[in-house]
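What follows is a pair of complexes built around chain A, which joins chain B in one and chain C in the other.
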Partner chain A sequence: MNFLNPQHFPIFAIMLYFLGAFLIVLFGKNRAARNCIAFLATGLALTLMILLVKPIMIDGGIIAYWMGSRVPAGGYAIGIALEVDALGLFFGLLIATAVFVSCLYSFSYMSEDDNEPQYYTLFLMLCGGVMGLVLSGDLFNMFIMVEILTFAAVALTAFRNRVTGALEAAFKYLVVGCIGSTCILAGTIILYQQAHTLNLAQLATIIPLCKGTNVSIAFALLFIGFCTKAFIVPFHPLAADAHGAAPAPVSVLISGVLTKSGIYGIIRLAYFLFQTMNLGTMQFWLVFLGSVSMFVCVTMALAQHDFKRLLAFHSISQIGYVLTAIGLATALGASAGLYHAMNHTLFKGLLFLTAGAVLHETGTTDLGKLGGLSKKMPHTTVLFLIGAASISGIPPFNGFASKWLIYQAAYEKAAETGNIGFAFVTIVALVTSTLTLASFVKVTQSVFFGQLPKECENAKEVSFGMRFAMGILAVLCTVTGLFPNLVQTYLTGPAAKTLFHVTRYINAMLGEGYAESAMGASAPEAATRTIEIVGVWNPVNWLALLMIALLAICIVAIASKYDAVRENKSEKVEAKYSLFYGGEDTVFSQVGGGDLFWGFKHNWRHYFSFMHDLHSGIVNDYSLWAVIALALAMVYALIVL
Partner chain B sequence: MILDALKTLIYVLIFPGFLFCFLTGLLLAGIDRKLVARMQKRVGPPILQPFYDFFKLCGKQTIVPAAANKTVFLVAPLLGLAALVVLQLFIPVFQFQIPAFANVADLIVILYLLLIPAVSIILGGASTGSPYAGIGLSREMVTVLACELPLVLVLLSVGRSVGVAIGAKEGITFSLSTIVRYQLESGSLICKASLIPAAIAFLLVIPGETGNHPFDAAEAETEICEGMLAEYSGAPLGVYKLSHAIKMLTMTSLFVMLFFGGIGTGIGNLVALIGLTGGAAAAVTMLLDVLVLFVLCVIVTAVGISFVHAVTARLKIEQIFKYYWTVVSALALLSLVLVWYGL
Partner chain C sequence: MITLNYIASFFLIVLGLYCIVMKYNLVKTVIGLSIMDYGVNLLIITIGYNPGGTAPIFTAGELQAASYFVDPIPQALTLTSIVIGACVTAMSLSLVMKLKEMYGTLDTREIRRLRG
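For the complex of A and B:
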């Protein structure tokens, strides 16, 4: 057996994580061994994923891997299979990157916690679960992986169980997460009963042909199941609680990796298994859910006064963008959505890590108790600003590049279908971006600028290891923003293309010509959609121009004695250098915290008080929401499918 | 190659870049002050007053507060200015468009590039830790939010309207140069009935975007001591004042190019009649175009900024937000719906 054959890479990647988890249980008592195992497992998995880029993304191959060489016999796929196409690999790459960076960060961040071996075990279980989910070619294995990742995530949420609310958050997540998992299991069972197979490729040949009540119900069940994993509205309160309690590197996994598994599931479901995305009603469903998530969560974030909870709501708001773009079912939309999914992993990871750094140094993430950290933690501040600019869609960072494509995709869709609803989606997306900026201005002012409270005076810059991990993500945020064309050519383009080539996916698994013979005339044709971009945006040229202008202005400024600054040199602050208080004595007066934008909130006070009452924090309510969402999804699926 | 680099340098530094922005921006600000004064029956400062102010501020020492983050405090004004100057490069002057820059940024990008100066002033103010700056930046951000919705609606209406008119395959366009070229051929967009509400909405957005009276809650001198500028002195303060003046130029010229584009001077033909050809004709045409643009900018400033300034009192921040998200947005939305249903 040739281990260097790319055929084996996917299974190795999954195995590495699980193997690492078990080895840490065995040898994890020793710190060096533990770190070494975790580093090797995550690093090698990332390497394997990168090595797969050439055969899959660039050459356009699909890896179909049958465990124990149980290849399909008699037209039925019995064995367990992995199937890695460009879409799966794209998500695999995201996951491996986020996991690797998060692991690097954990080395110094978690070093003061007890039970470190258990942490790494659970950490790697979660990673293995998500990796297995996106590379699997089998619906039941997807369910198994969903179970593994859900329970690992629940345990990790409660990992710092002495923190107030950690157990509560984990319990909520457990309850609603289990409702989601149960939905996935129920959907899987119904599909098996219908099609007598669990192989994704074979299901994709059978399910679209047998429309009916069962199939519709199965779709709704699976859809809601994956929605809980992606925390789409109405499952967003769970994410806020979980992120608020979980350690920062785990937040990176939950937001960057776990939500992606939900998005991946929805794509596989809607585009591949049921092939329903050509239905206007199905597009409406996804776009509607996406837009609602986008807007509701950004307003929820504006009302938060905790750094990590705020980030959690933004995370879902950005997932809303992804879902909206995917739901447009155009080549540009799919590509833009995947691009944004990637960027979401990068900037959200970066932001959660900076939040972790702040927590590490000050012991709190309450926006009302922080302030003025930019002088104590200058590097973290710069990294945070990069992340904040990315998520707020400030050019030239990556968030802008992908959001810009999403605006166009939505507006093009509006023009193409003549449906003004998509124009409103564009407006929501555009305004949400600015609302995101507003809430990050709030964080910037409340945490990094403004006045330094006494409690934070001992804060200092975090260790090099943590800054290094954040630095990787910051560089990736900038690079993927500056070279959108490269990203589209080598990563999101091929991945988006697979969404419209279902036949190829089926045939790669079950043999050439299988889809055509099994499905006859209804075999999905390879859509020859091209990406049409109406706008123009050239970040590199813009940056060059900005640099020229900035340089020229700096030269003029220095020549005109801009640098003749007066600074406070003595120990005591002279009156001239202290802040202006209208002649009164200097007092500590930090403007910041949750209510910074009362001018905005005042106008929306009815909406905010409604939302406040709605988010009771009681798990019974959230379970009820889940059940209602499921019921609505079933009714809708029964009507339209 | 070297010639291209040199050309780019001239574009960025002289025209339509830094020097042009500097002169016309400050001149516009001076005219605005004079107009407001005359409308209020005051004599008003000389038109060149903003120049005097700027140079005087540059001669002053800059005092960095002890609590401030020095780097951010000093770099933020420069970054905002540079971003504004670069933004001005993407706004064509009638026929005069720099081909190399036509495919750098479109309307949606410009919408977000406009945020960079606002963000840089917010960062600069925040870095001082002053409570006045804190309140100022809160108001500034809400003003930006308030203007965002109508601006988005206006740009989408224009994009759709022109996209349909030129028969683009996707039915929309976001390219500013396409919009200006379309107006050269088919007349100004203001002549389209469906876009008139959008034009009015844009006109109303201008003072909000530039932070002029009555939408200047963010730097209300009488209550929060200029907000984010409270701790600024010397050259950085001068740079902020300059940025403010240039933003007036940017917004008014964007308005002119979106709705009053068209043949511009129309003097291209006239120049040919006189017998000028080649480079000389192009230069004269461009000069006249710039002149026409400036005159139009002054008119827009007079109507959109000075007049509004002279007759109103400062609004509270929640009133600003409400005004933009209801009245102005409704106007822009009307345009969008009209355009969408082909009226």
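For the complex of A and C:
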């Protein structure tokens, strides 16, 4: 057996994580051994994923790997398979990168916690689960991996169980997560009853042909199951709770990696297994869900007072963008959605790591208690600003490029179908982006600028290891924003193409010509969709424009500052003698982060208090939302599919 | 006969969901999760059942085209699902224990420090 054959790389990548988890249980008592195993496992898996870029992304191959060489017999898949196409590899690369950076960060961040060996075991289990999910070619294996990652995520959420709310968040996540997993299992078994196979490629040939009550119910169950993993709107409170309570490197995994597994599941389901994306109503509902997620979560984020909880709501808001773009079912939309998914992993990871650095130094994430940290932690501040600029879509960082593509995709869709609703989606996306920026102005003001409170005076710059991990993500945020054409050509383009070439996916697994012969005339045509971007934009021009604007602001600010200083002095002299004035010195008063958007919040107070009461924190309510979502999905599926 | 199995399995799933949504005691929530899981297990076993089929245990020589047996794959899936169900129960009960220590109550309406 030749170990250097790329055929074996996917299974090695999955095994490395699980093997690492197992070895840490055995040898994890020793810190050096533990860190070494974790570093090697995550680093080697990342290397394997990068090595796969050449055969899959550039040459356009698909790896179908049958475990134990049990190849299909008589046109029936009997073995368990891994199938890696460009889509799977794209998500695999994201996961491997986020995991590697998060692991580097953990080495210094978690060094003061007890039970460190258990932390790394669960950490690697979570990584292995997600990696197994995106590379698997078997529906039941996907369910197993979903369970593994849910358990690991729940345990990691409760890892610092003395933190307020950690246990509570873990329990809520477990209950609703289990409803989701059970839905996936029930959906899987109903599909098995229809098709008598669990292989994804074979299901994709059989299921689209047999429409009926069972298939509709299975679709609803699987869809809701993967929605709970992606934390789409009725499930967003769980994400907020879990992110806020978990240690920062775990928040990176839950936000950057776990939500991606849900998005991946939805894509596989809608585009491959059921091939429902050519239905107008399906597109409408995905776009609707995505838009609602974006808007609801960004307004929830505006009302938050906790740094990490605020970031968590933004995380789901950005997932809404991804879902919207994917729901458009155009080549440009799909590639924009995947691009934004990648950017989400990078900038959200960066933001959570900076929040972790703040927590590490000050011991709190309450926005009211923080302030002025830019004097103590200048590097972290710069890294945070890069992340904030990326998520708010400011050029030249990556958020701008992908959001621009999403606006454009939605507008083109509106022009193509003549449906004005899609143009409205663009407006919602723009408003959401503005609110995101507003919210990050608030965070920047209340955490990094302003006056330094007494409690935070001992804060100092975090260790080099943590800054290095954040630096990697910051560099990636900038690079992917500066060269969107390269990203489009080598990463998102090939991945988006696979969504419209389902036949290739089936044939790679079950032999050439299988899909055509099994499905006959209804075989999905290899659509020749090309990505055409109407408006040409150039980040360098935008960067120049931004620089000029910044320069202008600086000049105005400096000029007015001289005035202000002079005025201040003269005012001080006059103040003593002015009427109705006690004569005391003018006092510097801090503008708190919470006061920045007072007027806006006041005008929307009914909406905000309604939303606050709705997110009651009672686990029964959240499970009720899940049940209602499931019921609605079933009704929809029964009527339309 | 087999229809009754389907009815029973969906009854169990709905009962489990009812228990999770309506009961305010943490332990009852955990019981609800288990009942829902049992319902799904029953569904899986029922789908693999062939009336009159034998147990699917054959050596290579015995297996013929005429052999009639119940579908072995759902049974394997059920085993996995049962193990996962046991893990869910163990993990959620340990969380319930810790929650009781910390909050001093098992009422879900009082365990809501994270909200809004």
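Quick note on the criterion: the second predicted complex is superposed on the first by the 587 of 641 C-alpha atoms of A that agree within 3 Å, B and C clash if a C-alpha of one lies under 4 Å from a C-alpha of the other, contacts with A are read in each partner's own complex, and residues count from 1 in each chain.
Basically, a residue touches a chain if its C-beta (ideal position, glycine included) is under 8 Å from a C-beta of that chain, and two chains touch if they have at least 3 such contacts.
Worth saying up front: this structure is predicted, and the values here are computed from it rather than measured.
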Pick one for A:A32: touches chain B only (first), chain C only (second), both, or neither. neither
Of the partners chain B and chain C, which touch A:A73 in the superposed model: first, second, both, neither? neither
According to the stated criteria, A:L4 is in contact with first (chain B), second (chain C), both, or neither; which is it? neither
Give one of first, second, both or neither to describe whether A:I639 is in contact with chain B, with chain C, with both, or with none. neither
Given the touch rule stated above, what does A:N161 touch, chain B (first), chain C (second), both, or neither? second
Return first, second, both or neither, reflecting whether A:A559 touches chain B, chain C, both chains, or no partner chain. neither
Comparing chain B and chain C in the superposed model, the one touching more of chain A is B
Examine A:L430 and indicate which partner it touches, taking first as chain B and second as chain C; both and neither are also allowed. first
So in the superposed three-chain picture, is A:W598 touching just chain B, just chain C, both, or none of them (first/second/both/neither)? first
The residues of chain C that touch chain A in their complex are 13, 17, 20-24, 26, 29, 33, 36-37, 40, 43-44, 47, 71, 73-74, 77, 80-81, 84, 87-88, 91-92, 95-96, 98-99, 102-103, 108-109, 111-116
In the complex, chain A touches chain C at residues 140, 144, 147, 151, 154-155, 158, 161, 164-165, 167-171, 174-175, 178-179, 181-182, 185-186, 189-190, 192-193, 196, 198, 240-241, 244-245, 303, 309, 611-612, 615-620, 623-624, 627
Under the stated contact criterion, what part of chain A meets chain B in this complex? 371-372, 374-375, 378, 385, 389, 393-395, 400, 404, 407-408, 411-412, 414-416, 420, 423, 426-427, 430-431, 433-435, 437-438, 441, 444-445, 449-452, 532, 534-538, 541-542, 545-546, 548-550, 552-554, 557, 560-562, 564-568, 573, 576-582, 589-592, 596-600, 602-603
Listed in rising order, the residues of chain B that touch chain A in the complex are 8-9, 12-13, 17-18, 58-59, 61-67, 69-70, 72, 74, 78-79, 81-83, 85-86, 89, 100-109, 111-113, 115-116, 119, 122-123, 126-135, 137-139, 141-142, 144-145, 148-149, 152-153, 156, 159-160, 163, 168-175, 217, 225, 230-231, 234-236, 239, 316-318, 320-322, 325, 336-337, 340
